[in-house]
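Take a look at this one; I'll ask things after.
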Amino acid sequence: MPHTNTQDTLVGLFVAAGIASLFFLALQVSNLSSFSRGNTYEITARFTNSGGLKVKSAVSAAGVKIGRVKSISFDSKTFESVVKMDIDAQYSTLPDDVTASVYTAGLLGEQYVCLDGGGSDDYLKNGSKIEITNSSLILEKALAQFFFKSAEEKKSSSDDKKGNGKK
Amino acid sequence: MIKFFNYLGATTRASFTKLGRATYFLIGILAGIGSVIVRPRLLLKQLHSVGVLSFLIITISGLFVGMVLGLQGFYILSRFDAEETLGVMVAASLVRELGPVVSALLFAGRAGSALTAEIGLMKATEQLSGMEMMAVDPIKRIISPRFLAGFLSMPLLAALFSAVGIIGGQIVGSGLLGVDVGAYWSQMQATMDFREDIINGVIKSIVFGFITSWIALFEGYDAVPTAEGVSRATTRTVVNSAFSILGLDFILTALMFGDN
Amino acid sequence: MDNRNPPQNSLVSVHNLTFSRGQKKIFDDISLEFERGKITAIMGPSGTGKTTLLKIIGGQLFPEKGTVTVNGRNVHHLKRDELYTLRKRMGMLFQSGALLTGMNVYDNVAFPLREHTQLPESMIRTLVLIKLEAVGLRGARDLMPNELSGGMARRVALARAIALDPMMIMYDEPFTGQDPISMGALVLLIKSLNTTLGLTSIIVSHDVQETSAIADYIYVLSEGKVVGQGTPQEIQQSSSEWVQQFMNGAADGPVHFHYPAKEYMDDLLFTEKTLFPRKRLIGGKSTTKRSRY
């Protein structure tokens, strides 16, 4: 059989290029490198509304990603959204009185959980609950409020005008 | 009218018979894989003719597909002032869909048709029959190594296609159109998930490699042993592979990304 | 059918074999004996399934009825492994040669040795050169199959068939499409291999002269039956009209020149009247249904 060294080399190059591409995709393109899933601890927060938050959404503190949303479930007794999060074990000194808020990255971007504030000497640990939460801002509600407000303002200002006119 | 139903019945029956033969053939191939592992030289030779010879077409096509995605994506995304997410768009389309699907289609056209023609010609020139008479099982000796080579090459080729495409997208996006290189990569890394996107893409390409190699080898083995029969079998390989790849792609996509 | 050969001296025996392809009966209850160490020829016109017979003996096709025994074993009752073991001792020379096109002459001859033995490469080289020398093509070892002439390809295939030192060789139309010189070379080779290696040879052929020259015993087949058998001399003097026509190559005889058809005159008139009925009415303008195709 005509097996040559060149052939072997070419096959070797091909396989190496293929495997290198797989590594490239894994490490350079996806987020495999940015977040090690080995050591994490779990914390829970309850929101009256978690909005468009999804499993695997980011959890960040001061803009740095420190974990991911693990699960989102609905508590039918309290009508609250129960969000469990995995936080990277290296961030082990978060005060246990932080505020968890659901924010949106940009106007149309992904929603994420932001942890901020707090000054307690006790730290969050596995199974901790975050007491203070801010729910997601619902665009429709916000707009409705805005329009309602501006309508009221208009009304009151026009009332003023009318009053002025009478005078 | 009766003639039409007769024809319909006969055709349906013939296609089921063919599927049965193909399944039986596949079992034979899989049973022969063990003997290939004992003789890696056979596999190496086929990896050369299946993988290495598809290398160039896959790399060049990947580069161009990535560049086109970069261009098209840029113009669409710039309408929403979201050019920074170009990396996400290019990577997601390549890794999830275009990488596995287009490289499988190219593979069927380049390596699949060559396999069918080779096996069909071996059948037409009595080489397979002659091998049987020399007490050498042609499925073990000829078919299984080719199958294994196709099956192993496909994920590598698809990964290569995606990787080159992403780089092509970057060349156009940040080189020509001025998207920030850092944004291109960081947005991509933030959005693309290893398990969800990369692994699913690899699974797809493994399935496509399996199905394409199976179709190509079976069509060759089942070809009418004449020049015309072999040329028809080659055409059928490309057509059937394309249908199977696209059909399976829909099913796999629904299974993998459907519940999100 | 009388069995003139004592069965214990037969290497291959075919008993009451029936085989059909679709509706057509290729073999209809035939019995053949192939003696050890002799050259037995099966002759007959094209399309009488002579190649099919070799494939049945080789265990590639299964008969509907009847048995085939090779070296005392029923070929079609063997398990796959046993059949493969038996096939290592059965050489077959295909009409096209069936050389593996991906490798050169040397590797083709070495192929069965490499597949079936664990011999070191130096020993394989010696064996391959011996076999190539036997067919006179030791100098052609580096050529690829597509660089060989038809006769050379068959000789290489012959070298490959004897690589494992089989007990028998089946030749499928070894003389077809050969120029007189290669034909002569092949005749000589088959004869000398038979005598020097003590091979049992089965030749399937329709080349009367060459086959008669080397065969010890001849069966003549037609329409699934044995129509004549005996030594070449006996066959030459056969009283059967059919055998005479075949051996002498007459154009007409019991086998007609024309394929069965209805009367010639009727056929011509039929076309005129029924296929183009309106042609005359319209006057040359062929607007009949058929003309669309």
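Note that the chains take the letters A, B and C in the order they are written out, and that residue 1 is the start of every chain.
Everything below uses one rule, namely that a contact is a pair of C-beta atoms (placed from the backbone, for glycine too) under 8 Å apart; a residue touches a chain by one contact, two chains touch by 3 or more.
Fair warning: this is a prediction, and the values are worked out from it, not measured in the lab.
Student: Whose C-alpha centre lies nearest the centre of all protein C-alpha atoms?
Tutor: B
Student: Looking at C-alpha means, what's the farthest chain from chain B?
Tutor: Result for the farthest chain: C.
Student: Between chain A and chain B, what is the gap in Å from one C-alpha centre to the other?
Tutor: Inter-chain centre distance comes to 37 Å.
Student: How far is the middle of chain A from the middle of chain C, if each middle is the mean of its Cα atoms, in Å?
Tutor: 78
Student: Compute the distance, rounded to whole Å, between the mean C-alpha positions of chain B and chain C.
Tutor: Spacing between the chain centres: roughly 42 Å.
Student: What residues in chain A touch two or more of the other chains?
Tutor: 1
Student: Can you list the residues on chain C that touch chain B in the complex?
Tutor: These residues of chain C touch chain B: 55, 58, 60, 84-85, 87-88, 90-92, 94-96, 98-101, 111-112, 115-116, 157, 160, 164.
Student: Which residues of chain A touch chain B in their complex?
Tutor: Going by the criterion above, the answer is residues 1, 3, 7-8, 10-11, 13-15, 17-22, 24-26, 28-34, 56, 58, 108.
Student: Going by the contact rule set out above, which residues of chain B touch chain C in the complex?
Tutor: 121-122, 125-127, 129-137, 141
Student: In the complex, go through chain B and note every residue touching chain A.
Tutor: 41, 44-45, 47-48, 51-52, 55, 80, 91, 95, 153, 155-157, 159-160, 162-164, 166, 185, 188-194, 196-198, 201-202
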